[in-house]
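Across the two complexes that follow, chain A remains constant while its partner is chain B and subsequently chain C.
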Partner chain A sequence: MSGTRVRYRDAVAEALRMEMHRDPEVVLLEAEGGVSDGGVAGVSEGFAALFADRFVSLPVDGGSIVATAAGAAAAGLRPVCEIPLADFGAAALGELTRVAELSRAERIDMPLLIRVPLGGFSTSGPADGALDPETWLLGLGEVRVVVPSSPQDAKGMIASALRHPGPVCLLEHEALADVVGEVPEGGHLSSLDEAAVVIEGDRLTLVAFGPAVRLAQRAARELNAGVEVIDLRTLQPLDDATILASVRRTGRVVIVAEADRSFRVGGEISSAITERAFEYLDAPPRRAVIPAPDAAALHANGDTPAGVRQIKEVCVELLAY
Partner chain B sequence: MPTEQSRPQLVHTDLVRMMLLARALERRAQRAHLGPRSRPGPTRGRGSEAFAVGAASALGEDDRLFASDRYLAAHLARGLPPEDYLVRCLGGTSARATDAIGFASPGAELVDLAAGAALALQLRDSDGVAMALVPADAYRGGRCDQAIHTATSRRLPLVIVIEGPVDPPPGADARVVQAQEVEVVASAVRGAVREVRGGEAPAVVICDDRPPADDAFSDPDEPRDPIKRELRRMACNVATRELIGPLRSDVRVRVRAAERRARLTRSGFRHRPAGAAA
Partner chain C sequence: MPEGGDPETVVRIAAWHRRPGDAVSEGEPLCLLSVDGSHAEVASPADGTVSRLAMGVETVVAPGAVLAEIALPVVATEPELEPEPEPAEAGEPAEAAVEPEPEPVVVEVVEPEPVPEPIVEVVEPEPVPEPVVEVVEPEPAPEATQPAPEPQPELVEEAAPEPEPLGAPRPEPGPVDMAHFHSPAVRRLLAEHDVDLAAITGSGRDGRITRDDVLAAIAARATATRA
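On to the complex of A and B.
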């Protein structure tokens, strides 16, 4: 399949446009007068003219948008909505909790795609990091949580999410918005429940998701020491089979975490490894805590970003254990 | 076959049966929770039965209802099997979905959910309407106004039925009726549904749940109890007096059947019911 090089945000827009042309049940719900015309990253710019009735402006209230989308989903549509955390994150995530419970308790299919832009000042505001979608979302068993780290995955995961029978949360990191990557032309689907080995190695497993994957890849390449990099791609469900298979081969694992907090994905992975691959370990699982990656860190070609340095330090320590 | 004259009477009897069934089921679930020697207190839906049944009875096959478990009677009227209610109350998962949603919901977001469903009905060119039943407290939170704004700007087929004395939403006409009178509620909501189907959307019905003044049928000790009121009214009419006994025994039979199907004993579940969550 031939491909073209596009920016992450353009891949998201292309996926939405293609899906809305393909399926008349897909509708876009956005906050009226929201962050900017076309949503946070301008992804849906021009959609109102293109899709008329299927582009719905709603009052700026995250809870209201999520509930309206859920109602539409319960009645047979496939709504897509965007929830910038800075504007109304807590209300929206709280509402999503109730929607997930409704879907579970009443056995209602709610095919709903919620795009959650995060990680930058314009999306998370001055309180960046205070509202952590990981801790809100991962306890909701009914909601798939996916984190595409490349334009190809962003496009494919949106297409897959709009064929999935339940709610899907797509975490879009602002730092990735201008990252360019190869994307297949036409439609393609990406798995919503599988991690991917993006660099193969046999001495240490490095696990990351979102923009941290790019830092992990750079660290692995610079170390040139048999480091395998796994892009989680999906946080709920967690693809522990891929992680465990890798750890059983390498015997060492470093989990990249953006903040030194408890009750996050890293803790869950660490627990799965110690419970199910303990006898294969040559060293205890470690976390590499890095600052939240920004666009500058991802595009830096010369100076090594702080995140990459920190990942390398932990890897070197663990390889010498 | 019922004659044209007897049909309204049958409708009324069905409405009262549903009200009685809702209350009996709520009491049964409460006893199962608290134990057989407990002294049951008021149940969540007590006093709201006429409002719930009256509103739900106005809906047709293609319509959607959004109501919390406080309005159990509405869910029963829309086809929720009684045993499913018992299973849900005791921590299980309903075996099958109905077209009434919102059982596990606190209330305020139901109007938004209904607005979303109304959007779906409109985009699919359906003749159906979406209805939300909300208590006054949920309405006062402001989210109803937002949903009404959205529904008005897009003329969504949405009916909002509010229980409690509230001011009509700004810019929207509202019918105001007495919440204790099941047929009055049903008639007002039917009118609202008809209007919405005719394109005059959205519609709001306010059901004032304060006890009616100088009401001959209200129980002076419990003026907010619509079931006592309806039974007193039936007892005052020679044509309906004889229906009360069979109605009560029919409800008892239905509750027992629901207990059996939910595998509920005097002291709780005998074993986990089919479809219950692990």
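On to the complex of A and C.
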């Protein structure tokens, strides 16, 4: 399959367009304003004209958008909506809790795709105050939470999510929007269950997700010391099999934590490792705390971004343990 | 028991590992002392049979007190020694005088330090053995013959330390001796392969033997065997 080089945000748009052509049940719910600017991430520009009968504009209220989408999903449609959790996610979360409950207790299929823009899309700062609201979603259990870190995964995961019977939250970090990568021509599906080893190594495992994957890859390349990099790709479910298999080979692990160390994904991973790969550890699992990546950090070619420096420092320390 | 230590230190019997009549070997744990909340084992100073425990669990042990007596084994010719049910009785030892009875060993703890060194006093077998009760400095020591004196409540109060102010930084645990620290991975490899740790030079922090060091040693040995 030949590929073309595509921007992340264009890969998302292309996936949505292809899926809406393929499946007439897919409907787009957007907050008011989305009609003109293509949504928070600007990917759905032109969709209102293209799919006039499947484009619904709603008030800017996370709660009512998710509630409407849930109703549509329960009625047999496949709604896609975009909720910037950090800006108006708290209200959406209440409705999402109900969606999770309906999926679990009532066993009602809720084929609902929520695209969650993260990072600095809005310059005014997050209204709900959460810089990394993905952890809000992880306790819901029945809601899949996936984080594509490349244009190829973004496209493939949207296609897979729109074939999945349950609710899926797909986190799209603003810093990745203009990242360019190879994407197969035509449609493809990407797993919603599996992490990926993106750089192989045998001395240390570096675990990251979202934009931090690119920083981890750069750190691993610059260290050139047998550092393996795992792109989690999905947070719920967490693919601990891939993580554990890697750590059992390397004996050392650094988990990249963006902005906050405590009560985040990193702690959960660290716990799984000590519980299930303890006998293979040659050093204590560590978390590298880096500032939330911004687009400039990801695209910087000359200066080493602070995040890369911090990851390297922790790796060097652990390699010498 | 403890002479000259910090008089504030409260030492109690936390547990007896042996009962009267039990055989005990030199170095085996005899009883567990609780020293201001931490614990220390008292090892038996000799091979023999426990003939008497001088005090019960929870008893506060005063400096110089006798903890227990151990009867030394009878030499060759003598048949099995029966444990004396009431070795504390002063009258009993008359028997001991007839047979070459084991010498009673008095186990005494000398320092009130966290890890008290048991002192062994070997009392010469006297023809008319005196009672084994040894009265060292009459501290508020519990009667040696009395198995379980009541706990002394005022000592408990005394022992209560000043409460730490909230939020006070807790002392960091001391540095780990990395040269002798073996990670779970290293321990697993040692269990799976027959490796001589002493022959390996640690390349890790402070000379720690890393997993890679052990793997290299295993590989080197495999190569040597093949050659």
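Basically, the second predicted complex is superposed on the first by the 306 of 321 C-alpha atoms of A that agree within 3 Å, B and C clash if a C-alpha of one lies under 4 Å from a C-alpha of the other, contacts with A are read in each partner's own complex, and residues count from 1 in each chain.
FYI, a contact is a pair of C-beta atoms (placed from the backbone, for glycine too) under 8 Å apart; a residue touches a chain by one contact, two chains touch by 3 or more.
Note that the structure is a prediction, hence the values are computed from the model and not measured.
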Which superposed partner A:61 touches (first chain B, second chain C, both, neither): first
Partner chain(s) touched by A:45 [first = chain B, second = chain C, both, neither]: neither
Partner chain(s) touched by A:303 [first = chain B, second = chain C, both, neither]: neither
Touched partner set for A:280, first chain B, second chain C, both or neither: second
Touching partner for A:200 - first (chain B), second (chain C), both, neither: neither
Partner chain in contact with A:321 - chain B first, chain C second, else both or neither: second
Chain A: partner with more touched residues, chain B or chain C: B
Touching partner for A:185 - first (chain B), second (chain C), both, neither: neither
Which of chain B and chain C A:98 touches, first, second, both or neither: first
Intersection of the chain A residues that touch chain B with those that touch chain C: none
Of all residues in chain C, those that touch chain A in their complex: 183-188, 204-205, 208, 210-212
Chain C-touching residues of chain A, taken from the complex the two chains share: 203, 251, 278-283, 320-321
Of all residues in chain B, those that touch chain A in their complex: 64, 66, 88, 93-94, 96-97, 101-106, 109, 112-121, 123-124, 130, 143, 146-147, 149-150, 154
Residue ranges of chain A in contact with chain B within the complex: 27, 53-54, 56, 58-59, 61, 63-64, 67-77, 79, 95, 98, 101-102, 104-108
